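Here come two complexes built around chain A, the first alongside chain B, the second alongside chain C.
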Partner chain A sequence: MHNNPLTRPTWIAGAMVVLALFLLPAAVPRFYVYMAALILITGLLATSLNMVLGFGGMYQFHHAVFYGIGAYGFALIATKTSLPSWVGYLVAPVVAALLSLIMGLITVRLSKLYFGMMQISLGSLVWALVFRWYSFTGGDDGIHGVCPPEAVSSTTGSYYFTLSVTLVCLWLMYRIVHSPFGRTFQGIRDNPERTSAVGVDVRRHQLAGLVIAGAFAGVAGSLFVTVEGCAFPELLFWTLSLEILVMCLLGGWFIFLGPMFGAAVMMTLRTFVGIYTEYWTMIMGVVLMLIILFLPEGVLGLFKRKTTGDKPAEEEA
Partner chain B sequence: MLEVRSVRKNFDGFMAVADANLSVSKGDVVAVIGPNGAGKTTLFHLITGQLAPDRGEILFKGESIAGLPPHAICRRGISRSYQVVNIFNRLTVFENVQIAVLSRRGKTFNLFGRARSMAVDETMEILASVGMADRADRVSGALSHGDQKVLEIAIALGNRPELLILDEPTAGMSPEETAVALALMRRLSEDMGITILFCEHDMSMVFSIARTLMVMQQGSTLIQGSPEAVRNDHRVQEAYLGEGDACSV
Partner chain C sequence: MEFAANITAAALFQQILVGLSRTTILFIVSSGLSLVLGVLRIPNIAHGSLYMIGAFMTWSIATVVGGSPAAFWLALAFAPLAVALVSFVVERGIFCRLYDREHLMLLLFTFSLTLVFNDLVKLIWGSDYRSLNAPDFLQGSFSIFGLPFPRYNLFLLLTGPLVALGLWLLTNRTKIGKIARAAAVDREMVSAVGINVSWVFAWVFVIGCYLAGLGGALVAPTQNITQGMDHAIIIEAFLIVIIGGLGNIWGALLGALIFGLTDAIGILVWPQFAIVFPYTAVVIVLVFRPKGLLKSVW
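Moving on to the complex of A and B:
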């Protein structure tokens, strides 16, 4: 009854998309299955960013750090220890959450842009560490030849694994966004002062949100290694953070599935525009400009407004 | 219930509150009046924790609350509304009040419950008590100014406060809206037994509901007493005549 009602058509459309995704490997060449897996992973990463960005109002400018750390966590467990590589799937979200907690303890005191700047600085510090620490992380070479568990090592196997984990994570994040915590989080986004005045410890909730989002980004990182078989420093470079930020803006950052949609559009564009031109980043820049000028609530945001007749609430009263 | 003693707040050389004293007893309706810039809003910020006093004491139910963060003070039983509308713009009217109810019930760290079906009865009850139940599903940012001011009070009620602090509750309202807000304040005080502390420029409104008045001037308390005592005090008359307005006092 309140906020984003899941109507029957939405359910049917969602079920059909999921069904299509499960049937995909039987219908298209392997390259497209691989592409679909990467889209799902990047979409999961963007959705986890959007939990703090769109629903928490926190300018998490360097979210890819937690993705990269999750990827390295999984890769290191699989290559440097004798533990079964399944353990890596547990380690990835835990180390990402821990890093998020440590960074959050420092950044959460700052507001808005200052939070974002500090986040970029600390994230770049982590990147530099990974980039230089040859004996542990392989430096700029990264870690190659990571063997995921037998059952999920084929293209189709890793795709189904990625799809299942992504769906479970999306469901969990959806529940969180619509839980009392999620509602409080949105209250903090709209008005931290007021949220504090109704008895909510704003900083603690923000910190919890950061840790949760970091953990999901870590899961996405471990999925990436499963599909690609390697981890490298670019995974936690700030340009990737920028790209997923654009995905959130493009898809609609006040809508739960907006970032997933944005990821699908961006990744598809990049793959196919990339065939014709080397100036992919320039195209991305133009896309970003067009979004900011014409679609401040993203593509799905526009769609939602057209269908429900919702007026966008003003930013400041 | 609330005791403010010799409280001072200095902003980089500007003395917003110099020496404020205030005593609010249980069940009372207390108005703080004074010209613009007298320090009324700053005093409220000090009581509710948005600001920490430089010196002086603030006691609530016998315990010091000076310098505590706003959420801690709220949990002790003080809720407030704001002079400039301060609500959750993107959320619906229902969700605005529900956040306060969930907060009071300590549910804000519940990660997997369905917020949609939680605290519904109590939230709707509050909305009904302020006459906004029919607008529960509207996005609050799109409401009229008068409705937003009433929603302010409804959010504050979600915390079931013992002391309700209202910063100019009828500012910017039409006469009809003011009458509605006044009736609401009466109900809160008389039917629900909530102690109310508010400030207001509309003197007819103040004298129609307040049982105790506190007058501030240039950051200091001039006098606290019954409406009659305040009305007849020569210092108050001088202060207001000096301001050149509010001859109605």
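Moving on to the complex of A and C:
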């Protein structure tokens, strides 16, 4: 790779951020540790969405379904079975990937926007089932009082666990995006006809991308239950999916860590604006409008362009 | 699991009528969504919010005008127009500058509208429930095979075909409708013959949003008017438009019929999981006809 983006200053900066994140619980009150864990989880979710959205060019409008199913998968293993709750961490990505596979098999042959609308519709079917199936999922109450494994049940413990798993997942996703598979995936985004013409099975690659992204979203879901101790239907409601889409947009979807940055900004904004006004969603809406009007490449995208003098990434029609 | 073991023919008939009146609302709302999708190629997430605004607006107008029987009709006439006005301002103010952006940006823009609209509703009408009575002669029930059927639902059953007829006339018999259909197929060509496509888009968008408002106004007397009533309807309208064929008005009618009837029968057969019936119908349709039942304009 002659254009490796991981230059030396980037390495040093990255290592310092990771070090700071590991030292965080020693420095700040518990609430901030808990907030940081939630930001990492949501950032992981948004990054997994961006694998198919930014790097695959697929309009995945309902990614939160896999997050919610991962959360429910973990919560159900922990509360309804006698299995050790560690098993839940394996079950969550598997059920999320399976669901992603089933939805993908139905939707992947459709054109871009049609695909997105189908995803949002099928995902809502899953939501409706979870919302109504009181005896199994607890219906609109959800599942409360989930006990994660002892080692990770305290605030600090769950934070360190979340941080470690998130870092490993980010590293894995980074490797996938920069693997031959990831390159092909981006080729499909930029020119599906040409990629298909050189002998790539476009649909199979897209399906694989959806399943991988779904699995990582499932991991994020299991982490959420670890931190919060509960799972509820809002985790797979379509508004959350659009919110994480906004996070990807905010950070910039051509940059690997963009969605993580977007998640941090949005979650922080929500927490602190929420203290002053109950109308924070309106503020979020106005911010989103301004971004769409003036910053279509996201904040980090703009920063990258200003610093490297790159041309703006081409938008597809 | 509580299956209703003995469903009488009369109960089934009654439930089908209820389903058909629900179909009316679904058709009106989703035909508006479909119109905008077909011509502007935008999945308007804010459509549900406009439906909710239509319902609240109806309540406000009817309340301000006071108890006279005319109050409801005035509200029914003006609330959708107010919604159309809101959409007109948004379209000309911001939206029309974004048409050359990619679909994803347009979708996210409509999502930002949803966020703003929903908080505005909270700001203006508060978070309490509102309820509205239909005019006196539409209150109460008929008796059909010994089972009650609300008069207002009969009114809805009559309204649905009227709206469908109006839409047919609009798209087939008026100049703007013909231009809009042409723009749906090939907007460059329409633009090339000297028609201002931007204004055609504005009109179509406003008419689509008017239909959302009309749906909200018509539904107002039948249920609690509340925050969050937009969440369910927008997904239902999406599904209906998809199974009908994107952008096809008659597809929206067919989709609404399938959705409304399976939902009504679901309520009769298995109340707890009634919601699953229409969704299952949607999945079955899509497995066999992934592009929808009728021809999509895309």
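The working rule: the second predicted complex is superposed on the first by the 308 of 317 C-alpha atoms of A that agree within 3 Å, B and C clash if a C-alpha of one lies under 4 Å from a C-alpha of the other, contacts with A are read in each partner's own complex, and residues count from 1 in each chain.
The working rule: a contact is a pair of C-beta atoms (placed from the backbone, for glycine too) under 8 Å apart; a residue touches a chain by one contact, two chains touch by 3 or more.
Nothing here was measured: the structure is a model prediction, and the numbers come from that model.
Chemist: Given the touch rule stated above, what does A:S111 touch, chain B (first), chain C (second), both, or neither?
Modeler: Only chain C is touched by A:S111; chain B is not.
Chemist: Considering only the touch criterion stated at the top, classify A:Y279 as touching first (chain B), second (chain C), both, or neither.
Modeler: Once the two structures are laid over each other on A, A:Y279 reaches chain C alone.
Chemist: For A:S124, decide between first (touching chain B), second (touching chain C), both and neither.
Modeler: second
Chemist: Mind sorting out which residues of chain A both chain B and chain C touch, each in its own complex?
Modeler: Dual-contact residues (chain A): 315-317.
Chemist: Where on chain A is chain C touching in the complex?
Modeler: 59, 61, 106, 109-114, 116-118, 120-122, 124-125, 128-129, 131-134, 237-239, 242, 245-246, 249, 278-279, 281-282, 284-286, 288-289, 292-293, 296, 315-317
Chemist: In the complex, go through chain A and note every residue touching chain B.
Modeler: Counting only chain A, the residues touching chain B are 1-3, 172, 175-176, 178-184, 186-187, 189-191, 193-202, 205, 208, 212, 254, 310-311, 313-317.
Chemist: Which residues, counting only chain C, touch chain A once they are in their complex?
Modeler: Residues 41, 43, 45, 94, 97-98, 101-105, 107-109, 111-116, 118-120, 122-123, 231, 235, 238-239, 241-242, 246, 272-273, 275-276, 279, 282-283, 286-287, 290-291, 298 of chain C touch chain A in their complex.
Chemist: What part of chain B is in contact with chain A in the complex they form?
Modeler: So the residues of chain B in touch with chain A come to 48, 50, 69-71, 74-75, 79-80, 82, 84-92, 94-95, 98-100, 102-104, 107-116, 118, 137, 139-142, 148, 155-156, 158-159.
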